[in-house]
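Down below is the structure, laid out as structure tokens.
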Amino acid sequence: MTVTYSSKVANATFFGFHRLLLKWRGSIYKLLYREFIVFAVLYTAISFMYRLLLTGAQKRYFEKLSIYCDRYAEQIPVTFVLGFYVTLVVNRWWNQFVNLPWPDRLMFLVSSSVHGSDEHGRLLRRTLMRYVNLTSLLIFRSVSTAVYKRFPTMDHVVEAGFMTADERKLFEHLKSPHLKYWVPFIWFGNLAAKARKEGRIRDSVDLQSLMTEMNRFRSWCSLLFGYDWVGIPLVYTQVVTLAVYTFFFACLIGRQFLDPTKGYSGHDLDLYIPIFTLLQFFFYAGWLKVAEQLINPFGEDDDDFETNWCIDRNLQVSLLAVDEMHMSLPKMKKDIYWD
Amino acid sequence: MTVTYSSKVANATFFGFHRLLLKWRGSIYKLLYREFIVFAVLYTAISFMYRLLLTGAQKRYFEKLSIYCDRYAEQIPVTFVLGFYVTLVVNRWWNQFVNLPWPDRLMFLVSSSVHGSDEHGRLLRRTLMRYVNLTSLLIFRSVSTAVYKRFPTMDHVVEAGFMTADERKLFEHLKSPHLKYWVPFIWFGNLAAKARKEGRIRDSVDLQSLMTEMNRFRSWCSLLFGYDWVGIPLVYTQVVTLAVYTFFFACLIGRQFLDPTKGYSGHDLDLYIPIFTLLQFFFYAGWLKVAEQLINPFGEDDDDFETNWCIDRNLQVSLLAVDEMHMSLPKMKKDIYWD
Amino acid sequence: MTVTYSSKVANATFFGFHRLLLKWRGSIYKLLYREFIVFAVLYTAISFMYRLLLTGAQKRYFEKLSIYCDRYAEQIPVTFVLGFYVTLVVNRWWNQFVNLPWPDRLMFLVSSSVHGSDEHGRLLRRTLMRYVNLTSLLIFRSVSTAVYKRFPTMDHVVEAGFMTADERKLFEHLKSPHLKYWVPFIWFGNLAAKARKEGRIRDSVDLQSLMTEMNRFRSWCSLLFGYDWVGIPLVYTQVVTLAVYTFFFACLIGRQFLDPTKGYSGHDLDLYIPIFTLLQFFFYAGWLKVAEQLINPFGEDDDDFETNWCIDRNLQVSLLAVDEMHMSLPKMKKDIYWD
Amino acid sequence: MTVTYSSKVANATFFGFHRLLLKWRGSIYKLLYREFIVFAVLYTAISFMYRLLLTGAQKRYFEKLSIYCDRYAEQIPVTFVLGFYVTLVVNRWWNQFVNLPWPDRLMFLVSSSVHGSDEHGRLLRRTLMRYVNLTSLLIFRSVSTAVYKRFPTMDHVVEAGFMTADERKLFEHLKSPHLKYWVPFIWFGNLAAKARKEGRIRDSVDLQSLMTEMNRFRSWCSLLFGYDWVGIPLVYTQVVTLAVYTFFFACLIGRQFLDPTKGYSGHDLDLYIPIFTLLQFFFYAGWLKVAEQLINPFGEDDDDFETNWCIDRNLQVSLLAVDEMHMSLPKMKKDIYWD
Amino acid sequence: MTVTYSSKVANATFFGFHRLLLKWRGSIYKLLYREFIVFAVLYTAISFMYRLLLTGAQKRYFEKLSIYCDRYAEQIPVTFVLGFYVTLVVNRWWNQFVNLPWPDRLMFLVSSSVHGSDEHGRLLRRTLMRYVNLTSLLIFRSVSTAVYKRFPTMDHVVEAGFMTADERKLFEHLKSPHLKYWVPFIWFGNLAAKARKEGRIRDSVDLQSLMTEMNRFRSWCSLLFGYDWVGIPLVYTQVVTLAVYTFFFACLIGRQFLDPTKGYSGHDLDLYIPIFTLLQFFFYAGWLKVAEQLINPFGEDDDDFETNWCIDRNLQVSLLAVDEMHMSLPKMKKDIYWD
């Protein structure tokens, strides 16, 4: 579930963001504590080795190695690579969010353009909306691991009421080596055309409005599918990951406190705990975690989109809107500003 | 309320922006003075401690610590992290502004397409516009703290004339575990369809124009809701905040003036007041404040959007446009260029 | 007036851009020469003071101060802050340009869809276009200082022929605490609806085409208004300005030529004229001037949009198009490729 | 074929991206191993030469040369140039993906708007969709090397069933010095207009819906063509390539381990294997490979778009949708939430 | 003419981009060789002067000057300024490309919606398309130097068959102080309205489709005009040019090889040819050349858009499409997948 904190930062206040530092759910600490422990343990182990186990000559060699690593750690362009990469990931993530398929636009049109309060009319409207919801469910199943877990087979889809047994038969009867998530849209178009012939949809203007809106819905679906199918090229992700991992590997050795008595420049002080290196670990590894979390927003991270909730909400709301609320209107009364 | 200064910078003049440095409302000083005082007091305290309280050996140790901190302060990539982050926040903020829902497009259509100057016609047009305004109010209540304070319950919504008692009953009667801000749009669609049947809306072309425009309005509403619901991932905000705070923590110690007589490189001078560090505090903390202010533009900051004003303006203007001004036309006269 | 130089850079030639360095209108020299003189005078004054007035001990102190300032000048992230900020300003500036309201799309539709070559027909088309131009004038008055100077009161608007006396009376009669620039659009809608009823506009398809186009025009107007109303947050502009000003303040002292005989590192040479510092002044201050010029493109800078010209052009052209040219057609003849 | 790994990164886990480092297909290793071997061999050769072949004086000269190269290697702005360039390439690549022409929107419209279940109706719908697929094939042939290999001549297009022999004759009969991929769209328009006259398409609203959708399809096609025709300017690509190659050339000499006994600063240690330089090779050359792979996504790289698959899928699905599935509808039944 | 190299980079291969380094047309070498020679000659001249002409004391002074210049050369933020500026230029360039006006969308509509195979019908369709092509020609004349050279006067436009003599008379008869490129669109609208009245265009739906498409074409035209009219502010271009030129001026002196025997740090080696400085010249000057080439893509550079070719292609293709191909249809036959 998305971690919403916007109400906490509505106003810019005294050290406004510091409150955010204390949250646990969806926080950097929760995401990073395991990596942090590994890093700290390795650092400590190397430190112990250097301080206690090595002989004098080995110490001298280690000191040179440490200085060498430190010098190169600074040359690794982690900041830039991460900056460009995370910007890319965040843009993709947000585009996926704004392209989540919501049936609301369609349900308004269906409710106002598909007429008839009798059972056939109700069935017509409900079926149209069900097809819409069915398509988005089929897409979500291939995009989201959480949805796939909930609907591992078509049986589950039928059971959950998104599809009737007849529809399923027809659907599976259709021979095609390709994905068939577009099939319910064909049914939608055919059903709408039939309703137009029967006069339930008044004219071509109303019909084309529906079809246009349906095609918009389809575009959202296929865009989501596209984001899942064609990710950021693997090479790019590998380059960034390698850069960050290498940096921390270099830090493990290069940021050790060396014996201050040896007079290495910048090594006058032995603090035991490399506070700034640990903080740097938080920045960079945290920045990479931003990417890890957002690169596939349909997983089960704290900050991922609640697709299962969406699916339920959409079916419930769209059936409500086109059936129970069809032509239901509050009595028109003069508002209080009527003069 | 938004701080408008564009008229002050209409022309590029001699040191054009310096006048902006002297404003108080919405300024960096107003936003930062408390943090600045804290930072200055801490810096001074540490300075006093170093100068007056520490013994010689402690001073030597502190000096080493200071140099160590200074060296790492420069390695913290505050500039980049802030640059990328603030760019993201500013883009989101502006997108929220351009997606504020304004009823103007709809009211032009309602005024010209929904006919009838009798009372029923007036009521029809007023009610349609009221539904539109009601929806945006429901969205604003969940998005903006300022609006929520003004309309804490549905009673306040009814009292303010956005909803009649009947509508409220129907609205609350509707059983759904999900948000119901879309309900007035269903009413809008149903009412428009009814008006079409009664001939108040002439044909499907006019009706679909209205429905398309209504759906556009809905998209604005739901996008605002989306921006509130799915914020910038908490991890990203934490990473940036940590980087900035760490930087200033390192500066508190690392930017102390050390005893010039000790000959530390870059410490030849004791100015007592670390003028450049204080200015750096203004840049970086100010930059972060930009983000804090814009990350939720629906709060009560000096620079936040005036949502309560919007709500009032929209209701007043849209009722005026579709009722009093319906079919009101100035007498057509030849303009002065008529030859 | 915009400074157009694209024809000068049509082809990439030998040192292609050097010709641009010699222009005066809209140039960096014209914009910056005053600031440059101030900077140079201050630099010289400090230089004289150091060389002639200070005693030996004071000189030593000044030299330390200079080195201190120089060191911190380099830490101020002017480049980045300016890069991100100017990118933001340039994007906003261009968006404002592409959203300038042009009546051309509407005038084509009015000319082809509003029929009747008699006087009433002519009046109808002229009045419709006049309303459109009136709205953009009302917007420009509140957005552009140049237009406001030309039309300080509604009297001037009436005199210039954008509004008749009757319209003005109706306009001012309307009681509303809010801006009323949308009123002419209501008139437009009402007039078009009336024309539809009279058969001057053939059917709803033609009418809705006109209304859609009008709404597009309105969106341009309100977007311009939005850009003026909600500028870049003051804090951001202050942060950038502070950074640049501080940098130059630090340079005034830190970039002085110190006595070469004292052997300060990097101070082996006394050139008297700090050529690179002056050039740096041109880069950074020039970059900031880009922002100053573009942050409000409706002023009277050399590079600002020529709004007054737009207003005249739009009225003249749109009346011409819908009246004199209505149904005027050159005789159709076979073109020279007719076989 | 695109390398999909999004399911592997659905959740942010312990060292989440490390699993990606172990993939081979589409990986940095597969793309870079040849360049890496060349680089390593050259480095080793120079190292041997320095250690074993050179005389004392030659060694001293080489050492100076190495230090000189190292100093300049750091001045080459590889990071930035690559950052800006790769961002540009990635944006273009993604835009090409979202503009791949899919016939789905059109096939829904054709299925629901072009009536008649008799043979003529079927033929009409199939032919319309075939024209659409034919156009995208013609575009793909000139854009994608993979498709061109499969369809080297128009014979292959006819054989594959995208075109009939008659159509081919007409197509080739048409004299024009320009590309003719737009011809099937003219046929589409003519055929649709004919169907409208025959009453197979009910009215102009339905017809214009089809034409609008066809024009959208055409825009996708021509945009793809545009991306292929007007690439990133050659100069830009050359600048970036030169920067990266120069950097590695400088590294070959500048990153050699020099004799530690000579006391060159930063050369206290002889590790034989320049681990960080090799890693840097992976970052930068890998980053450039990202660009190489994406600059033309219609080739046969592991990560390129599967255009041949698209072509087959589109023909198969669109014929299925408009023919076999035309007016096929599952029996409407009450869904399980019917109360 | 655009330099297309995408087929050369279809697959990522061994040192994939190196082949691009060997091209001449549109290459960095062709664009830069003159500047490069100037730079090299100046560098050599200064080098000779230093080595052969100067006396000992003058040499010492020159050496200090060189070190001074070198130090400041590194402070000039060429990389960033260029990065941000070139990104801006490239975006504008690409937007101009995707907004080139193509008549294809219109010609499909004209061919399918304007009926009549008799001479009047043919004339109608040809004239409509000619007006469209005429407008784009008028725009291209004011935007592109290449087109202006080909059509310096309206005589040339008439001769080339874009305009008849009658049209020209009417066009020039029209009194307006403003540009008149919109006039053919008024004719287009009037002619279409007349055709609607005569029944050649069936109904308002078809007419409005044409008008909408025409307005889209007009927007492309005016956007091109806007890009030409309002360029990147001169100041920005000057700032960037100054930065680059200053950098190279500083390099001329600062990158000289100083006498190694004097022991200046970083000057241990005399290579005579400053290989890295020359390469840096290629990067930065090449990057600036990217901007020079793209800032006005309507010139006659190797990489500029082929506007004259466009104009010919558009006229030829659009006449062909609406006349010869009007209602021409291949005989419908069953495709090979018909079962």
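The chains carry the letters A, B, C, D and E, assigned in the order they are written, with residues numbered from 1 in each.
In the analysis below, a residue touches a chain if its C-beta (ideal position, glycine included) is under 8 Å from a C-beta of that chain, and two chains touch if they have at least 3 such contacts.
If you're wondering where the values come from, they're calculated on a predicted model, not measured in any experiment.
**Student:** Work out which chains are contact partners of both subunit A and subunit E.
**Tutor:** Looking at subunit E and subunit A together, the chains touching each of them are D.
**Student:** Since subunit A and subunit B are copies of the same chain sequence, what is the angle of the rotation superposing the Cα atoms of one on the other, rounded to the nearest 5°?
**Tutor:** An angle of 70 degrees brings one copy onto the other.
**Student:** With chain centres taken as the means of their Cα atoms, state the distance from subunit D to subunit E in Å.
**Tutor:** Chain centroid spacing, subunit D to subunit E, equals 24 Å.
**Student:** Which integer distance in Å separates the CA centroid of subunit C from that of subunit D?
**Tutor:** Distance between chain centres, rounded to whole Å: 39 Å.
**Student:** Going by the contact rule already set, what residues in subunit C reach two or more other chains?
**Tutor:** Correct list: 31, 80, 83, 87, 203, 205, 289, 293.
**Student:** Take subunit D as the starting point, go toward subunit E, and spell out the full loop of chains.
**Tutor:** D, E, C, B, A
**Student:** Given the complex with subunit A, which residues does subunit B contribute to the contact?
**Tutor:** Where subunit B meets subunit A, its residues are 31, 34-35, 61, 64-65, 67-69, 71-72, 75-77, 80-81, 83-84, 87-88, 123-124, 126-127, 130, 144-145, 161, 164, 166-167, 169-170, 174, 176-178, 182-183, 185-194, 203-205, 207-208, 211-212, 214-215, 218-219, 222-223, 226, 228-239, 241-243, 245-246, 250, 288-289, 292-293, 295-296, 298-301, 304, 315, 319.
**Student:** Would you tell me which residues of subunit A are touching subunit B in their complex?
**Tutor:** 2-7, 9-12, 14-18, 20-21, 23, 26-28, 31, 74, 79-80, 83, 86-87, 90, 97-98, 102, 104-105, 107-109, 111-113, 115, 202-203, 205-206, 209, 213, 266, 268-269, 271, 276, 279-280, 282-283, 286-287, 289-290, 293-294, 303, 305, 313, 316-317, 320-321, 324-338
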